[in-house]
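Chain lettering (A, B and C) follows the sequence in which the chains are written, and residue indices restart at 1 in each chain.
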Amino acid sequence: MMQQPAEADALFDAARRRVKRRERLTPWLMMAPALAIIIVFFGLPTLYMARMSFNLHPDQRLYVPGFTLEHYLSLLTDPLFTGALWTTIKLAFVSSIFTVLIGYAFALLVWLQPAKWRFAFIALALCPLLISEISIIFGWWMFFPKNGLLSYALLSTGVIEDKISLMYTEFAAFVGLIYVTLPFCFFILLSIFDGIDKRMLEASADLGAAPFRTAWEVLLPLTRTGILVAFAQSFIWSMGTYATPSALGPDTLWTVGYMIQEQMLGKHNWPKAAAFSMVLAVGVAIVMMFIRSLMWKRTSFHA
Amino acid sequence: MAEAHTAPDAPALELDRIRRSFGNVLAVDDVSIDVAKGEFVTLLGPSGSGKTSTLRLIGGFEELESGAIKINGARIDHLPAYQRDTATIFQSGALFPHKTVAENIAYGLRMRGIPKAEMPARIKRSLEMVRLGGYEERYPSQLSGGQKQRVALARSMVVQPTILLFDEPLSALDLSLRLQLRSEIRRLHDEIGFSAIYVTHDQGEAMAMSSRVAVMNKGRIEQIDRPDRIFHAPANEFVHTFIGESCCLPIRLADGKAADLAGAPLALRLREDQADGDWRLYLRPARLKLGAQAVQTENRLAARIHFIEFLGDFHRYHLKAGALEFFADQPGDLGHSIGTEIDVGWQSADMRLYR
Amino acid sequence: MLEDAQRETIPPVARRRPDALLLRALALAFMVFIVLYIAIPIMITLTMSFNDASMIRFPILHWSLKWYRDFLGSPQWVDALGNSLIIAIGTMTISTVAGVLAAWVFERYKFPGRSALYLAIMMPLFMPGVVLGLGVAIAFGGLNIGGFAVYGSRGLVMLAHSLWAMPLVFMLMEATFRIIDHRIVEASYDLGGRPLRTFFEIVLPSVSTGIISSALFAFVISLNEFVMALFLTDRDTQTLPVLMWLSLRSAGTPRLAVAAVILASAVFASLVLILLWYIRQLRKTSR
């Protein structure tokens, strides 16, 4: 039996609304686990940490609720913390520059290799990614000291006469730090190089340009964005890490990350740890936005 | 849900002024078609004419902006693709690569809750229908292009949808395979009597298979009719030029007399109510008579053979008559030579005027 | 190997020029340097794990498996390894499920707030472990649900590790989904496959390689992580990297080298398993 048109339309609209509602709900249901993790274990803790960073920290207590800016101000006034902030930035900056230099040369040479060598080098570059930072630290920890491999190797080849130790130096810290950040940088740059037509180099060489000049005038402009992204990436990483510099570097090499751990686990000063953490998080977020805007420009340029 | 509206005598599919745009482009513009049960309707048009978009709207892969789609009299345009009683045969076949032929065919049956016990028999029957009996355990990567399309056909037919949707299923195949599969689809339609909408840009396919052809252009249906009517009585200039081959002669009418654009008079027998002005006269080259055969015709022109092409089944004579240039296709052996002055004639019914 | 590369880029005239030769020598030297740089800590650790002495000292005079026996005989270290594996498997499961589903939504659906959500999901991947660890520790410190101490539990570490692992899976899977053939998805809908059914029966099997690879990354990240775990574990749930970190701070022994080797073996063993699976998969489809 056919219904009246108006009634049929009303029924149809109701059915349509039900279907629409279900269709709108499906993506949210499927995203629910991911969003739950982000909200409960990242969003809420960050808000909680932000609140914590203004709490008071009397002696013998973790914290008492209150409102003070002293933890943030101490980063600017207390020479110990100002030094840590400065050390962190300096360390991240210098190690990122070297990471990009080494990573660039590595990626460039792998890109120029015939395909049969490529896999071997990529596997090599994957190793530091797959090995725990703690194992890497320990590896260098056995390399640098007086009784370490370096000293033994130099001594037995007669380069030096007495045992030496490079352990607990800034050099050792940089060696460890660059080791950890290098693979990220390498893979970012290699993917950029892979997007370049190798014939462009031949064209430049055909025109009589010397290799260095080719690199400078052809490759560098093409890889500029990649360099910046790789730099920012390794900057973020080295800004947040503390294990490598504190284990391999000198006692004076205190980074913000180390301070956070020290305040939290050593001094049980939760508000101060939270304040430092917030500063670090905001710093990282700013660099991340910078990367995103670079990537965005890159993709919009290609589209 | 909407099943309450189902009417037993309703068409299999009704499109009621459906519309869809992408950005500024109106891809489907007020398209209305009824497909009766057992009817095979082809959407024919150049690329970008909206035929595939129309099919995707029916299948539920695009959302309607306005209008209504009914299957068996019940509206279904609010339903997602998986709740519509349609089945599409895609251009690429779109077989599931990780499933065997039998698993591919079983998929739709399983989704419809067909008992497991019934499946092997139904799969076997549908494979035999497309002449692929014994191919159950193969993977799609082990099939040729034509076999893939047969499996796709079996996979869609086995669920017995109210309407089958063909999305240029033969366009990726080579010519001989295309002809073979085309007649097989036709045979299956005659045997089973399914209702179908078939999208193609190939007129041969459209003509050979369809109950009716809808010629589409710029999102609209220009004409929908039987294939022979489309060919012999095109509704407008677009259909005339798109279907089959045609010659176009620009002419001018003044006081009911025809002349070419240079002013030379033409002896044409036109309907008397044609308005004065510039017109385009269309002729089918195969309907033109040459020389002695032209004596009996209603319209005649004196022309000169400009050059001749041999096209296998026929010769194409390129003709010049004053300022007019056109060509006539004649079957059989070469009957005339280049440079010959010759009469060209045609019946008034074979002539169309547009402006 | 370098000759080939040079020949590709430098025409015959230039190849004979002295600066081209210098360049070739530099390139070779650099490659030697980079291979040594990456290999040194790995080789030292591997060598040291077979040392017989109880001090880290070169040269190594006697070789033995003594420290492997020592590691396996110590309940504290074996438990830590167990914790690490349990947490890594948990993290892998959680973040693969959540990340794959979310990536599919971003590939297939339109919804409001898309780019903001993308940023929100990716953000933790860029955050230092110390920030994430501290946040979770402060927020969940001392939390008890029905007598179960959330803080210090393995579950909390899994979820904290998922803050890194899940965005990574999400990122990799988003790229993987972008290259799947959408016709087969439509074909499944067309035949009556509901979205979830389609997802599990049609979509997932065709991206299985991508899923397995991202699951491996999630596993590795969690297995190796120790900064978050340091904040979030207690003596009973300590992971192997945490125990290594703590004992490195007190005194380094060859036992640490053994621990490093075992940790890396777990990673490479799973890598080999996946390669085998992948080869089998290749054989199956190209049969």
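Here is the rule we go by: a contact is a pair of C-beta atoms (placed from the backbone, for glycine too) under 8 Å apart; a residue touches a chain by one contact, two chains touch by 3 or more.
These figures come from a predicted structure and were not determined experimentally.
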item	value
Neighbouring chains shared between subunit B and subunit C, ordered by label	A
Contact-richer chain pair (by C-beta pairs counted) among A-C and A-B	A-C
Farthest chain (mean CA position) relative to subunit A	B
Geometric centre distance via CA averages, subunit C-subunit B, whole Å	56
Inter-chain centre distance, subunit A versus subunit C - centres from mean C-alpha coordinates, in Å	15
Cα-centroid distance, subunit A relative to subunit B, in whole angstrom	59
Two or more partner chains touched - positions in subunit B	80
Contacts with 2+ other chains: residues of subunit C	195
Multi-partner residues of subunit A (at least 2 other chains)	none
Subunit C to subunit A touching residues, read off their complex	1, 4-5, 8-11, 14, 17, 19-20, 23, 27, 30-31, 34-35, 37-42, 44-45, 48, 55-59, 94-95, 97-99, 101-102, 104-105, 108-109, 111, 117, 119-121, 123-124, 126-132, 134-140, 159-160, 162-163, 166, 170, 195, 220, 223-227, 230-231, 241, 244-245, 248-249, 252, 256-257, 260, 263-264, 267-268, 271
Residue ranges of subunit C touching subunit B (in the complex, touch as defined)	181, 183-184, 186-195, 197-198, 201-202, 205-206, 285-287
Sites on subunit B touched by subunit C in the complex	59-61, 80-83, 86-88, 90, 92, 94-98, 107-108, 111-112, 139, 141-142, 155-156, 159
Contact set on subunit A toward subunit B in their complex	2-3, 8, 11-12, 15-16, 19-20, 23
Of all residues in subunit A, those that touch subunit C in their complex	24, 26-28, 30-31, 33-38, 40-46, 48-49, 52, 102, 105-106, 109, 112-114, 117, 124-125, 127-128, 130-143, 145, 147-149, 151-152, 156, 179, 182, 198, 201-202, 205-206, 210-212, 214, 236, 239-243, 247, 257, 260-261, 264-265, 270, 273-274, 277, 280-281, 284-285, 288, 292
